[in-house]
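Each of the two complexes below includes chain A, the first together with chain B, the second together with chain C.
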Partner chain A sequence: MPEQKVVAPEFMFTEAAREEQFITGSEAVREAVRRANVDMAVSYPITPQSESMHLVGDIYAEGYVKDYYRGENEFAVMCSVAGAAMGGVRVFTATGGPGTMRALEMFPTWVGARLPIVCAFFTRGINSPLTIQPDTIEMAHLLDTGMIMLHAEDAQDLYDMILKAFIIAEQTEVHIPVGVFADGFFVTHTRDKVRVAPADIKLPPYKPYSAPVPVMDMENVPFRQMRDPFVMKSNYVSYAAHASWQQEVLAAAERARPFIRQYLGGLVEVENEQADILVLAGGTAVCQSREAIAMAREEGIEAGLIKIKSLRPFPGEELRALTAKAKAVIVPEFNRVGWLSRELRNVVQNPDRVVPGPRVFGGMTMPPDLILAEIRRYARE
Partner chain B sequence: MTNNNKTRRITLTQFNGGMILTKYHVLAGPEGYLPPAAACQGIRLPEVGWALIEGRHVPEQEALSAIVDKLLSAKRPFFFPGPNLLWEWKDGVAEKASALRKLADTAGARVIPMPDYRPKYPMINPAIEINPNHPNLTIWHNKIDVCVFAGVHCHYANVALKIIRGGTDCYTIAICGEAGHEDANITLRNAGIPQIEALTAMVAERRRLC
Partner chain C sequence: MSKAMFKMTTAFADVMPAEYVELVQSGPFGQGYGVADLGSFKELIEEHPLCAGCGLALAVRLIMASLPTPEDTVVVGSTGCSSLAFPQIALQNIHSLFGNQNAVASGLKRALKLRFPDKHKDVLVVAGDGATADIGLDMVMHSWSRGEKLATIMLDNEAYANTGGQESGMSPEGCVLYMAPTGKKFKKIALPEIARESGCAYVASVTPVQPRKLEKAVRRAILVAREVGPTYVQIFVPCPTNFKFKPQETLAKAKQREKDQTYPLREFITPEAQAYLAALEGGGKHD
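Now for the complex of A and B:
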């Protein structure tokens, strides 16, 4: 392992010379964690359904991560990283699909305890019959846990978002977990060109003493309040305290907006936003949408693209402005419920303009032709 | 608790070229049953060198002056120093705590320390204790009309400030060493000994002139 020099995040993200590597999404995770100055990673190696956490184990063996072990199951992993974060160290883990669901209780717990954990979610189907194929339905279950949710389109996004997630999560006024989501298999198992910073630099260490809650011991909150929770006191004062607590974690996500703009360049990215037909997508649906828009252009049909990078906080103001003049907003999704179109309908004027689909799920790919068909349909209207 | 008309709290949401404009005033309460987090009403934390007065971004000096006004016009001002000031956990804390004590004394304010956030059993003694989960009890009991938070971890300060705004008419001031608090009526950010000493000097000068 080379000696790593601590550099400012801005240097790491924008100024450091980058080397192009042809790697999988899982390997991009490894390269991000290598440079993230992670103190501890805990792994349940099955449910990321990729080799990502195995590869984090490899760099632990090389000395890049200070501590690493395998948890008994996904719930145990999420509890373990919570304990580590409460103790004041920087932690990373990953999961996906049924693992996400099994550990679900811990995600709002992380948020309520103001833990700046970074967790990668490699999304896959969750319902019976068992599938290990990609599907973004688990994200619907996480939208209201309170955590920040970033959605990577490809391996480059995944690398960049994981590194930046630590810096966003650890801001004193934010200090809540960040989930970095990528579509399992499509991103984790395919190779792509990823530009990475030199391996001999790393992010500054986490500063736990600027946290908005004390570093935990057995007698301090939040641990003490887990032993003596509000629910044990049946009175208005306890209810109001819990309500204020919940509001504060919502406020923390709001405070993340300027940092997401600073480090990710915005909560959304747009192309050709003047077009009166727009396609709004996240994750690998963005790539397919981009392809469909190029095909439409060859037919003389103009369509624009909105790539959503941050789901929580949700870019409501940005989407209201961007869609103000559109006659149709097509929302292709890799899940059966269409949670992204629901989110969009909640914030735009004239929600009838939101086209909830096309949708594929259960591991199906989304041919660009499906999206192109919708573009053509609204171009004719 | 009922909404207090004198607070004139305004929440306007309108479309203007697709952008939402929200105007929310972080005024003393009682605001109501469950007041919102100011951050979720569009109030943003101040930049370095700036502060917030009732949700408005102002230069730090203007906020210092407003804090002095509030302290000197209060009938029962109280300071609530938190663990970051009460425990000598790093260099400079004792000096900052001493500076805050001098400010409280100069302003004629009483001090109720908040050395930790543990629940108080069997119940809080609101005459001498405060806990961030029910600060209203201490404020009601002592009839506190202006309070100053300093050295309270940001999460607990925000939890407490909302509860105070919801159920009491106490005017809240945060002397924050980090990024500040939208839920306080006045907040400083990155406040250290220079800001505290400046406040003490301004209070002393105003008292001398009176």
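Now for the complex of A and C:
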């Protein structure tokens, strides 16, 4: 077992001296998990996630993770990490694309059971014919599972968000899972400079009895759950119990907002937000947008950038305020349905100002020129 | 658990539910009770909402009275008739989804091993035939292949009883049920044999007709799972509601199946488990 000193999360996130490493997104996952004091990880192969969970296996072999195994399929993996979390340990896993869809039944179950699981999603297309190419469409399917959803732009974000996700998820008043999303291949397989804390420090251990629900260990009360199970009852008590619990779970995600602000510096990040043309993006669409905005500036056109980091909870108020004076909000996306523009249209005033696109899908990269063309179009209007 | 955990605040004693008071005063925690003691202590199962004559309810009652150390037992269940009874059982128990019980239990058992390395925390999986042999079979078999130290119990009522009586993989061949309107076309899944070949160190099939035999199988399964490897017990639990017989005929139905060998009672024990059990049982100890 390697010697690692437990440090306060704030020290890990801000004060600890950081070393720059030139690593892939998958390696950034390994480095985050190495410092996260993870008790148990369960893996299953799926492109492009496999490498990240191989690397978690490597650090298990080195002693940084206490237990690790390959599960039998993605659904079973999500069930096993749920069982482990109910037993009171800190768990990590990852999946992506079809794996996310295979496991889908478990995600709302994690939330309902108030499990602070951290799962990385390396997004990939889920259409037929089969594709392994990057695409963020799976995120649309997860928007209403109740879990917190953070979207990483690059490997640095991925490293930071995974570490911070544990601390956000494990707050007693939150205590729901956090999905950390990164665009498959673009982030997982490319090398980037990532500044990481020393490997000889780690986060404080998870405190199982900080959970707002009983830990399944027969060491805390209550032992009996209820006198009259309402699972299938058709009566008011049953409806009220289910409805109030669903509201409580939604409220738990709401209560995560201050922690996301504290640890991630906000649900969004903005650049040049005074401009009357704004680009709103998440994931790698952010870097492409930044590129397009720089190209526009060379042409004398000013555009601002809103990088959305937290999709759930959704930064509705922030976006309403930021877009109040904009004449257009361009939303480039890596999927065909445009779920982020739909989300934005639901919260801003005069939603006709939301430009739903450009979009690429099927594995394409997003040429900044496509975004630039939209910026130019609205600059002329 | 520490016994001190199971107590009442004296000031609240008069407003606590009666069954809770009884559980504190004469429950089975730390007592080493067994099936022979039924009637003399407060059982873990409280009133349940299952049908009159339910073989499954009887089996659950007997299982709960057979646990070597109920105070350190966590149950993982699954969707089905039994999931209606478990919330009222005074053990911490998980109902996650339909069929995922052995995957959940794998994670739970490993977590409890990490947190309590010097203590036996028994993780007992109790699920129906649909959950075990159909929708959850891959996770059941993989938990066995991985050697997870779990005791898995199937409550085999030979149908999807809770959804109205549909065919399951465990229904007998030829049986007419919903979704098998002209009779089931294939044999009952040979799960005891599959368990034996998949790495279970102890396998038994029993019925509630012989409670002591059921108790022995459950205890052996839990004890072997502590030290040797995965175990499997299959309990025939006739369902009067879906198989349309009178509630008072449940045990007679099970007895008949035992007698005509259409529900053969079996016990497979690996030499390692045999040696382990001989050491335990030879010493006259329960656990």
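Heads up, the rule we're going with is that the second predicted complex is superposed on the first by the 360 of 381 C-alpha atoms of A that agree within 3 Å, B and C clash if a C-alpha of one lies under 4 Å from a C-alpha of the other, contacts with A are read in each partner's own complex, and residues count from 1 in each chain.
We take it that a contact is a pair of C-beta atoms (placed from the backbone, for glycine too) under 8 Å apart; a residue touches a chain by one contact, two chains touch by 3 or more.
None of these values were measured; they are calculated from a predicted model.
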Which of chain B and chain C A:Glu254 touches, first, second, both or neither: first
Contacts of A:Pro214 with chain B and chain C, given as first, second, both or neither: both
Touching partner for A:Arg191 - first (chain B), second (chain C), both, neither: neither
First (chain B), second (chain C), both or neither touched by A:His54: neither
Contacts of A:Trp245 with chain B and chain C, given as first, second, both or neither: first
Partner chain in contact with A:Gly83 - chain B first, chain C second, else both or neither: second
Touching partner for A:Thr172 - first (chain B), second (chain C), both, neither: first
Which of chain B and chain C A:Lys66 touches, first, second, both or neither: second
Touching both chain B and chain C, residues of chain A: 214, 219-221, 224-225, 228
Contact set on chain A toward chain B in their complex: 114, 171-173, 175, 209-214, 219-221, 224-225, 228, 230, 237-238, 240-241, 243-245, 247-248, 250-252, 254-255, 258, 316-317, 320-324, 349
Of chain B, residues touching chain A in the complex: 15, 17-20, 34, 36-40, 44-45, 83, 89-90, 116-119, 132-134, 136-137, 153-156, 158-160, 162-163, 166-167, 178-180, 182-183
Residue ranges of chain A in contact with chain C within the complex: 39-40, 42, 66-67, 69, 71-73, 75-77, 79-89, 91, 105-106, 109, 113, 208, 214, 216-221, 223-229, 231-232
Contacting residues of chain C [partner chain A, same complex]: 1-2, 5-6, 17, 19-20, 46, 49, 71-74, 76, 83-84, 86-97, 100, 103-116, 121, 138-139, 142, 146
